[in-house]
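Okay, got some structures for you below.
Next come two complexes, and both contain chain A; in the first it sits with chain B, in the second with chain C.
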Partner chain A sequence: MTFHYQNVYINETATIAGPFEKKGPLSPYFDKTYEEFYFGKKTFEQAESKLLEESVNMVLSKAEKTKSEIDLLIAGDLLNQIVSSGYAASNLQIPFLGIYNACASSVEGLIIASNMIDKNQIKNCICSVSSHNLGAEKQFRYPVEYGGPKPKTATFTTTGGASAYLSYHKSGIRVESATIGTVTDLGIKDAYHMGAVMAPAAARTIYEHLKDTKRKPDYYDLIVTGDLGIYGKEILKDYMKTEYQIDLKNYNDTATMIFDLEKQKDVHAGGSGPACAPLVTYSYLFDLMKKGKLKRVLLVATGALHSTTMVNQKLSIPSIAHAISLEVIE
Partner chain B sequence: MIGDDMEKSTYKDLVKKHTPKEDSLLNGGIAFIVGGIMGVVAQLLIDFYGYYFSIPKSAAGTFMLITFIFLGCLFTALGFFDKWVTFAKCGLIIPITGFAHSIMSAALEFRKEGFVTGIGANMLKLAGTVIIYGIVSAYVFGILRLILGGAV
Partner chain C sequence: MTFHYQNVYINETATIAGPFEKKGPLSPYFDKTYEEFYFGKKTFEQAESKLLEESVNMVLSKAEKTKSEIDLLIAGDLLNQIVSSGYAASNLQIPFLGIYNACASSVEGLIIASNMIDKNQIKNCICSVSSHNLGAEKQFRYPVEYGGPKPKTATFTTTGGASAYLSYHKSGIRVESATIGTVTDLGIKDAYHMGAVMAPAAARTIYEHLKDTKRKPDYYDLIVTGDLGIYGKEILKDYMKTEYQIDLKNYNDTATMIFDLEKQKDVHAGGSGPACAPLVTYSYLFDLMKKGKLKRVLLVATGALHSTTMVNQKLSIPSIAHAISLEVIE
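Then we have the complex of A and B:
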């Protein structure tokens, strides 16, 4: 399912990142970084909610808007019942849609907002996502202070909040088209190998997008997936070739960009979490686009619809990917 | 056809091709050495307690276990033991330090969710399994011993 948009622009973005991202190579591009994991709050969950709320307030001030001028807030995160979004929205008092597609939530939000803006149903919208490394560890894996070893394919949930302000005013980055993905499950059960879980969904969405728009991969200066990690990246390239006969050259993965995988060994195969793709895209990639180094970027956010309950019931992990085509305004 | 058995099995092979091997030999080696050191330290503690308090070996063994549990909990609470465990792996997980570490880390994690609903309900999240199957296997082997006539 692909949409084309006439008048949708991402006018402003705000990115706030945590301590590990601060040590990473993209640190200078973030609007704000924190040295620790609590940000003055008592728990990880409350800290994550603060990140999301703060990024919304930051994008509001960058766009020179007040809360009452915003028609809609769309937000999602990884915590159970998307509490980071819910509690932030409770404080923000902007009409709110909470969404969940795991780490694909960022692009899911952008697609919903773009459709509504393009049809003139709303005049503007803020799309936000957040994730918190320790909050995700607590919910999906082991206690934070537990030191059980992890396999090399494990990814490291990024800590961050990212918000984008969208409207029909022509400034910033243009949202050109978008493709909604289909849930794909090729039977991978390993919750420590999310790259392998999500690669087929990403490949399928990229294929569908190129087919619907009748484009070749080299139409884009960069095709970038969300959080496949270094091994998932290779799996995607290989799978794309064998399954769809598409050779991805101008391709990268935000999981491998946000951290220095050589120096930051703790992150194993790279970053993950809903905040990973937008943290890289809204800061570093938009900077490259505004400098004219990239003109057309296809962002494919990937999400594993993973639940510890279902994995314990021996089911494999379904995954989803949504694509959005971003362009420099001519 | 996306998602059929044929594709799932070819995909599994593709994933395998790009999945790195874990360094089992290195990990095993580290665990062997650290575990060995733990054994030496334990023996020294038993000898020390036995000599210093003039108590029998079995009681000194209990003292040694208490020391290990205490240090495992203390180092976890101080926040650096997880890094040791990540490095030493089964060298520190299999001894009683790993058991203490799992309980303490879970207790720390849930302490802000209340004494009953947080610490009480979640403290044995990881260690509960060890306790349950420890007791079950103790029964099984106890009964086996009785049947085989070794019981006193």
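Then we have the complex of A and C:
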């Protein structure tokens, strides 16, 4: 399902990242980084919610808006019942829609907002996501204390809060079109190989987007997925070729960009979590776009729609990807 | 944030309910009911996902549409990572947006869909929610085996799947307007008194809706919340009077309608879960509307945005309510 927009712009963004991202190559591009995992809060969940809320307040400040001038907040995260978003929304006091498509939530939010702004149903919107490495470890994987070894294909949940301020006011980056994805499940059950789980969903959405817009991949200066990791990225390229006869060249994956995979061995196959793709896009990629080094970018956020419950029941892991086309204003 | 629509209709609905709802007073109005909790599946979570999927297939059949003719599926549920929705979406193969506003998810979905349909961005949409009593007990409360006694203010999660087919084709019930709510938290920490938690959010959204539309409560033949329960319902009426000087008369709550609270003592203060409000609305209330006994109904779905993690951290429980105005076609 593809939409074309005439009047939607991401005017401002805010990116706040945690200690591992601070040590990564994109550190200078983030608006703010933290040295540790608590940010003055007592628990990982409350810390994550603070990140999301802080990124909203930061984007408000950049856009020179007060909370009461914002029509809508759309937010999502990985915590059960998306409490990072819910508790932040409670403090923020902006009309709120909670969303969940795992790590595809960032683009899901941008699409819902863009549809409403393009038709003048709302005048502006803040779209936010968050993730927290230790919050995710606690909820999804081993107990943190355990420190069990992981396979190389595992990804490392990024710690961050990322917000975008969208309106019909012409400034920043234009949202040109978007494609809502369909859930894809090729039967993979390995929660430590999310790149393999999500690559087919990403491929399908890229294919649908190119088909619906009658474009070739080289229409875009960059097609960027988030977050497949180093193995998933190769799987995606192979799968695009064999399944759809499409050769991806100007392609990258945010999981492999946010960390230095040579030096930061702890992150295994790269970054993940809803915050990873927007942390990279809203900071580093938007900087390249504003400098004219990239004009057209297709951001494809990918999400694995599993839970520990369903993985323990030996079900395979469904995944989804949503795509959004971003352009430098002429 | 209030929207007005010109061209949105709920053409068809499907309601499937579980064993307790089957024994309740609205049983004859449901499209299908089950005698037990598994529906041929091995776990509660898979059973819940089946209910959601089955309700989608049923509404497709009523609307005489195939899956490939549907532009969008919007769904949500209470399970961690909304897996009931995600796994159903995987089987259904319809472009998918996952949402989460707890028991307010049903109306959240209707609003996102209505905004897109009204401006012709999509031609149709299926909005679905589900809940499962034992799935919810397992996840949120005591272990099922424990059978710990609960206070009278506790509600009983309904078991059901409910779907609505919306399009711009004029038939069924018209979606006239809608109001997105703002998260409200008056500091209540008692997860066994969700009526008290959610009543202020419901009151606030009703107030905002009436203010934005310049209407009085008696514009509606019925204002119906879901799900506050018998105590929350009284709190709402009191709170509307003291906080907003509004006297609610044509008012009811779906939590108190789906069960016979005199005979079905197990359900304590009434029904809850994302399925409760649409199970009542799409079956019994739509029947009354189609018979001309109700012309204008304001459905206000209420959600408690907590998690066991946050309740265990002694945080208070934020809540939200979204409202949608439904009308009989002239």
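We adopt the following convention: the second predicted complex is superposed on the first by the 330 of 330 C-alpha atoms of A that agree within 3 Å, B and C clash if a C-alpha of one lies under 4 Å from a C-alpha of the other, contacts with A are read in each partner's own complex, and residues count from 1 in each chain.
Here, a contact is a pair of C-beta atoms (placed from the backbone, for glycine too) under 8 Å apart; a residue touches a chain by one contact, two chains touch by 3 or more.
No experiment lies behind these values; they were computed from the predicted model shown.
Of the two partner chains, chain C is the only one touched by A:N80; chain B is not. In the overlay built on the shared chain, the residue A:L186 is in contact with chain B alone; chain C does not reach it.
When the two complexes are overlaid on their common chain A, residue A:S90 makes contact with chain C while staying clear of chain B.
Once chain A of one complex is fitted onto chain A of the other, the partner contacts of A:D287 are absent, as it touches neither chain B nor chain C.
When the shared chain is aligned, chain C comes close enough to touch A:N101, but chain B does not. Of the two partner chains, chain B is the only one touched by A:I235; chain C is not. Of the two partner chains, chain C is the only one that A:M1 touches; chain B does not reach it. By the touch criterion defined above, A:T43 reaches both chain B and chain C. Once chain A of one complex is fitted onto chain A of the other, the partner contacts of A:A196 are limited to chain B, with no touch recorded for chain C. The contact surfaces that chain B and chain C form on chain A in the two complexes overlap at residues 42-43, 184-185. Taken together, the chain A residues at the contact with chain B in this complex read 42-43, 138, 142-149, 151-153, 184-188, 193, 196, 200, 204, 231, 234-235, 238-239, 242. Residues 1, 3, 42-43, 45-46, 71-72, 76, 78-83, 86-87, 89-90, 92-102, 108, 111-112, 115-116, 119, 121-122, 139, 180-185, 305-310, 313, 315, 318, 320 of chain C touch chain A in their complex. Of all residues in chain B, only 2-3, 7-8, 10-12, 14-15, 17-20, 22, 27, 76-77, 79, 81-86, 89, 93, 101-102, 104-106, 108-109, 112, 125-126 touch chain A in the complex they form.
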